[in-house]
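Following this line, the structures themselves.
In the two complexes that follow, subunit A is the common piece, with subunit B as its partner first and subunit C second.
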Partner chain A sequence: MAVASTLTPEQAKARRSRREGRRRILRHVALLAWTGFIVFPIYWMVMTSFKDSGEWVTWPPNWLPREPTLLNYSQIFAFSQLDASQARQATEQSFTIWKGLGDSVLVCTTASLVSLLLGTFLAYSISRFNVGGKYFRHTILTIRMIPPIVIAISILMYYAIIIPYVTSALIGIRISLFDTYIGLILIYTVTTLPFVIWMMLTFIDEVPYTLEHAARMMGASRMTVIWKIVLPLVASGMVVTFLFVFILNWAEFLLALTLTHPDVTTLTVLLNKFQSASEGRLYGPQAAIGTMITIPVVILGMLIQGHLVKGFSFGTIRK
Partner chain B sequence: MTHTTTGTHLASGKTRPLGAPARLAKWLASERVFRLIPFVLVEGLFIVTILIPFALTIWISMLKWRANRPFETAVFSGLDNYAGVLENEQFWFSVGRTFYFAGVAVALELLIGFFLAMMVTNCTRSKKLYTTIFLVPMMIVPIVVGYNFSMIYIDSGPLNQLLSPFLERFGIDPRIRWLSHPVAAQWAIIIADVWQWTSLTFLIFLSGFAALPRQLINAARVMGASPMQIFFRVQLPLLKPAIAIAVVIRSMEALKMFDPVVLLTFGGPGTSTQTVAYFLWEQVWQFNKFSFGAAASILLLFLFSFLIFAGIFTIIRQRNAIAGGR
Partner chain C sequence: MARIQIKDLVKTFGAYKAVSGINMEIRDGEFMIMVGPSGCGKTTTLNMISGLETPTSGQIVIGDTVVNDLEPGERGLGMVFQDLALFPHMTVYENIAFGLRVKKVPPAEIDRRVTAAAEAVHIGSLLPKLPRQCSGGESQRVALARTIVTNPSVFLMDEPLSSLDAKLRVDMRTELKRLHERLKATFVYVTHDQAEAMTMADSIVVMSKGRIEQLGSPLAIYNTPATQFVAGFFGTPTMNFLEGTIEANGSGRRFRAPGIDQPLPDALPAGIAGRKVTLGVRSEHVLVDANGPHAGTVLITEPLGDATLVHFDYGQGKTLVAKVPPTTTLGPGGQLRFDFAPQACHLFDAAGGERLN
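Entry: the complex of A and B
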């Protein structure tokens, strides 16, 4: 205090601003350090995807590819069997991601659309009529909280054993949902439904009921009200929800790994295949696939950034 | 059958009885029924894809059966599988390990996320830039994160290169195989999880900080509270709902940890990084021990159900607290 009292107000202000400035520098150092930590693994993957096989695991590692090459990309995007210029001795397995890409897009799009459709209408019912009781919107979360491995085990037995067993007993044909598109789409739909219901509830709850009421008074049917009033108002919300659920499905690994082999191959399973390749790991193509999986999700994620947390936090946080 | 077309004359044809499809359509459109259609559809889907498989899992868990034999030959064995799981120490170790990973990872994520959010809140110009960068990990596919870190930890990877000047001074070969050492491999998985999911806690806390009422803090400052007092007495209590939600959501997800384990270590070295999800996956898909896996998954669900209900309860309460506060 004795020191402070000898200072003129200007000096005190200068000292305070100096301390403030030092704090700001410290803050930026810490934030930049975290930025580096965040960026580095992504940077390393992108760089590896441009390296040729000789550079994947050299010591000391190269931070920039010495001879940048697009070979990894041309390998994974090859349409036919690799010709001599692209084949590598150690890597004579099928590389192309077209099958994985197609399967991923097909499964994720269909599952997201179906669950969006069902979830939106159920969310409307819950929001307007309290269908299923007061706590239904919360109990639906239990489905999301069941560990996926538990679902995977029971679904595996259901798809691979019980359904063929029952169908062959009843109608004489063995129908198995294991390793089929329908099976995977079905389980993706179910596991993402809670998210859809939660996100759509937050959007539909915001649509004023008076609007609907007015339309009903004027003789519009319930279906017309939904189609002409509610859906246009929550259309942007539906797009956001669709993208969010699409990202979730796109990133899903455990269920795809356990419920499909070898016919249906999503991109995440494909990436894992290279991990356990018996000829030694194929870092380059893996990096290229990783980059290709990442880019669309990051772009979609950026588009719905604010809503992403709404989904991940079950609507508890509003941005 | 001629009446099936009368649906189009709905308005005019008062005297004629409606055909079956039209009557069905009318019945479906009536308020009483209409509100239940989506509910029935979704519940039906849940019953077919979750409940029935689950009941079958309980049944299979009481059989003595491996997948390499036909299902018809399986014999009933009561609760033998459950006893087998309870006696299996690998199961318990993996459960303990899962909780250990989740505990450490979630604690780190909360701490780092909290301080990052606090620092970013104080930034003015660069706030948006930092937020955008810090949110990227959340959008990256977990399996790609596992791959990225597996590249960084390999013996000739960049991590060892960064450490090499330091290690060579002590005469240690810098090409350390991080993932071959039990403790280092465990930390490798934890760090990968922290890398990815700190972004979520960061965002939860960021919106928590943004929602803090200015007047309250200003009032405390005017009345002479020190920054420490403001932080501990005003801000922290107000942030409690955000903290609770972050804890619940993150621990729920962390307890399911599977992807980084597969990509980084395959549960190894030994069993030092086997989470419970990985342990069950190995038992069922590698060793074909179906009925053992079924019993273990039932037990696991039972074990988790308390957590699930506690989590949902917390979410309801904190959500109401947030809604009430506005």
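Entry: the complex of A and C
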């Protein structure tokens, strides 16, 4: 106390700014360490994607490729049967990314759109009509707390055994959802729906009731109100939600692995299947595909950032 | 015809009774103001007229039609909301045109009517702007234009001026009154501001706890409040209330409270003597007079410009307020004598609050 009371305001200020400075340095050291921890695997993946097979696993490690090569990329982007210069010995599977990319884009886009559409309307009814009661919105989120592995096996039972058996018994046609686009799209829609509802609820709750009341007083039907008033006001929220859910689906592995093969192959599943008898795990093409998968996620992430600002500053509606 | 009749209207939210069985009639072309403190049921009543709330029981008749089961948009009403509810993603033009577009009015006519409505409230230059680019007063006018443009026979207004600053609010009062004169439509207006109600209304409904306390013209409500609640709600400063008893004194009767002995006018109902009552006197009827029968000590004075309010203690630690001419020389600590104007004394039952004289 005595020391503090003898300080002039300038000294106190200087001491405060020194303390601030030390804190800032500490903060940056911690953040840099964390960034290194996160970025290192990505760095390693990108480097490996430019390395030839001899350099994939070496000790001491090669931090940069000694002889950078595009062989891994030319393999994954090849359109036709690999020629002698590209083929690896005793390889059983195709390396190309095209099928996996197509499947991933198709499944993720469709599932995300369906989920967005359903979830937005569900969120509207929960927000406006209290559907499901007071705690329904929290109940919905708890569905997401179930680990995917818990549902994966039971869904597999339904997709591969129960539904085919029941349909063939009832209508004489065996319908299986296993290893189909519809099957995967359905399960992706269901698993992401809680997120969509939860996110869209925050946006729809922000739209003042009175806007809808005003429109209804002027003779607008409920659908007109949703279409002309509510949806335009939550549009940026819908974009954010779509991108978020798309990234979730894009990176999903366990359900795709369990519920498909060999007709439908998403990129994450493809990534897991690089083996060769002579060379073991094919880290090079795997890293190349990993890098290619990451790029859209990074781009979407940046897009989301921009929209997040717009989306969450939504409360600036004049009330 | 846009006469509105409300019959035994009840609205409950769970166990809470927001409106408990009210009856009233709003005449065609009348400027009716519902006034009361927060939670008195006035907005709920308005929302039931508009159709945004469904009555628990009772009937609402507009013209000759029972509208209980009609959608809000089918009742031929226009409404201005407390938060104005302008659509933030549409321009002023689109906001005003919205109702006409919903009704599929031809574009040329929409254009003509939107322009006319905008001119009527002097916002012609704002049409291409977005609501967030408009000031508070301008937004207010946009909300009015959006309501006018559909030619409703009834205008419902839910505290439309509450978001404006004091000066603008007073200006808009005059403007609303003029608009009512010009449109000759029925206005139903909800406010908690007694000054708004006094200045604009043809008739006032005072509500409290879901019930109608009094229905009448502004002056009738001011001069002969039906209950102590109404008396306290109207007028600034609040009416002075003194608790005491009525004593018979020969042929006349007197109000007696500690430090006060006030003769009362003769025209009082029989059997009133001996009752516990509350005497209500407005500050302008507390007469500061050197020959007055009662004495007091000035606490503070509040100059208003055209008058000065004198808060004084008449003994017993109780305070009264008197409105005196601005030329007064009274100051804190000074002594005064005062009297009550006997014809302006209001007597209310001490328990129930209903008027006795």
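Observations, loosely collected:
Note that in this section the second predicted complex is superposed on the first by the 266 of 319 C-alpha atoms of A that agree within 3 Å, B and C clash if a C-alpha of one lies under 4 Å from a C-alpha of the other, contacts with A are read in each partner's own complex, and residues count from 1 in each chain.
Criterion: contacts are C-beta pairs under 8 Å (C-beta built on N, C-alpha and C of every residue); 3 or more make two chains touch, one makes a residue touch a chain.
Note that the structure is predicted; figures quoted are calculated from it, not measured.
After superposition on subunit A, the partners subunit B and subunit C are accommodated together without colliding. Looking at the shared chain after the overlay, A:T142 reaches subunit B, while subunit C stays out of its contact range.
With both structures placed on the common chain, the touch criterion links A:M45 to subunit B but leaves subunit C unconnected.
By the document's definition of touching, neither partner reaches A:L71: not subunit B, not subunit C.
Put simply, more of the residues of subunit A are touched by B, taking subunit B and subunit C as the two choices. By the touch criterion defined above, A:T224 reaches subunit C but does not reach subunit B.
Using the contact criterion defined above for the overlaid structures, shared-chain residue A:P232 touches subunit C, although it does not reach subunit B.
Of the two partner chains, subunit C is the only one touched by A:H213; subunit B is not.
Using the contact criterion defined above for the overlaid structures, shared-chain residue A:I162 touches subunit B, although it does not reach subunit C. Taking the two complexes aligned on chain A, the least Cα distance separating subunit B from subunit C is 9 Å. Of the residues of subunit A, those at positions 221, 317-319 touch subunit B in one of the two structures and subunit C in the other. Considering their complex, residues 29, 31, 34-39, 41-43, 45-46, 49-50, 52-54, 56-57, 60, 71, 112, 115-116, 119-120, 122-123, 126, 130, 132-145, 147-152, 154, 156-158, 161, 164, 175, 195, 200, 203-204, 207-208, 241-242, 245, 249, 252, 255-256, 258-259, 262-263, 276-277, 280-281, 284-285, 290, 293-294, 297, 300-301, 304, 307-308, 311-312, 315-316, 318-319, 322 of subunit B touch subunit A.
By the touch criterion given at the top, residues 208, 210-211, 213-221, 224, 228-229, 232-233, 317-319 of subunit A touch subunit C in their complex. Chain contact summary for the complex, subunit A toward subunit B: residues 27-28, 30-31, 34-35, 37-42, 44-45, 48, 57-61, 63, 118-119, 121-122, 124-125, 128-129, 131-132, 135, 138-139, 141-143, 145-158, 161-162, 165, 186-187, 189-190, 193, 221-223, 247, 250-251, 253-254, 257-258, 268, 271-272, 275, 283, 286-287, 290, 293-294, 297-298, 300-302, 305, 308-309, 312-319. On the subunit C side of its complex with subunit A, the touching residues are 50-52, 71-74, 77-79, 81-89, 98-99, 102-103, 131-132, 139, 146, 150.
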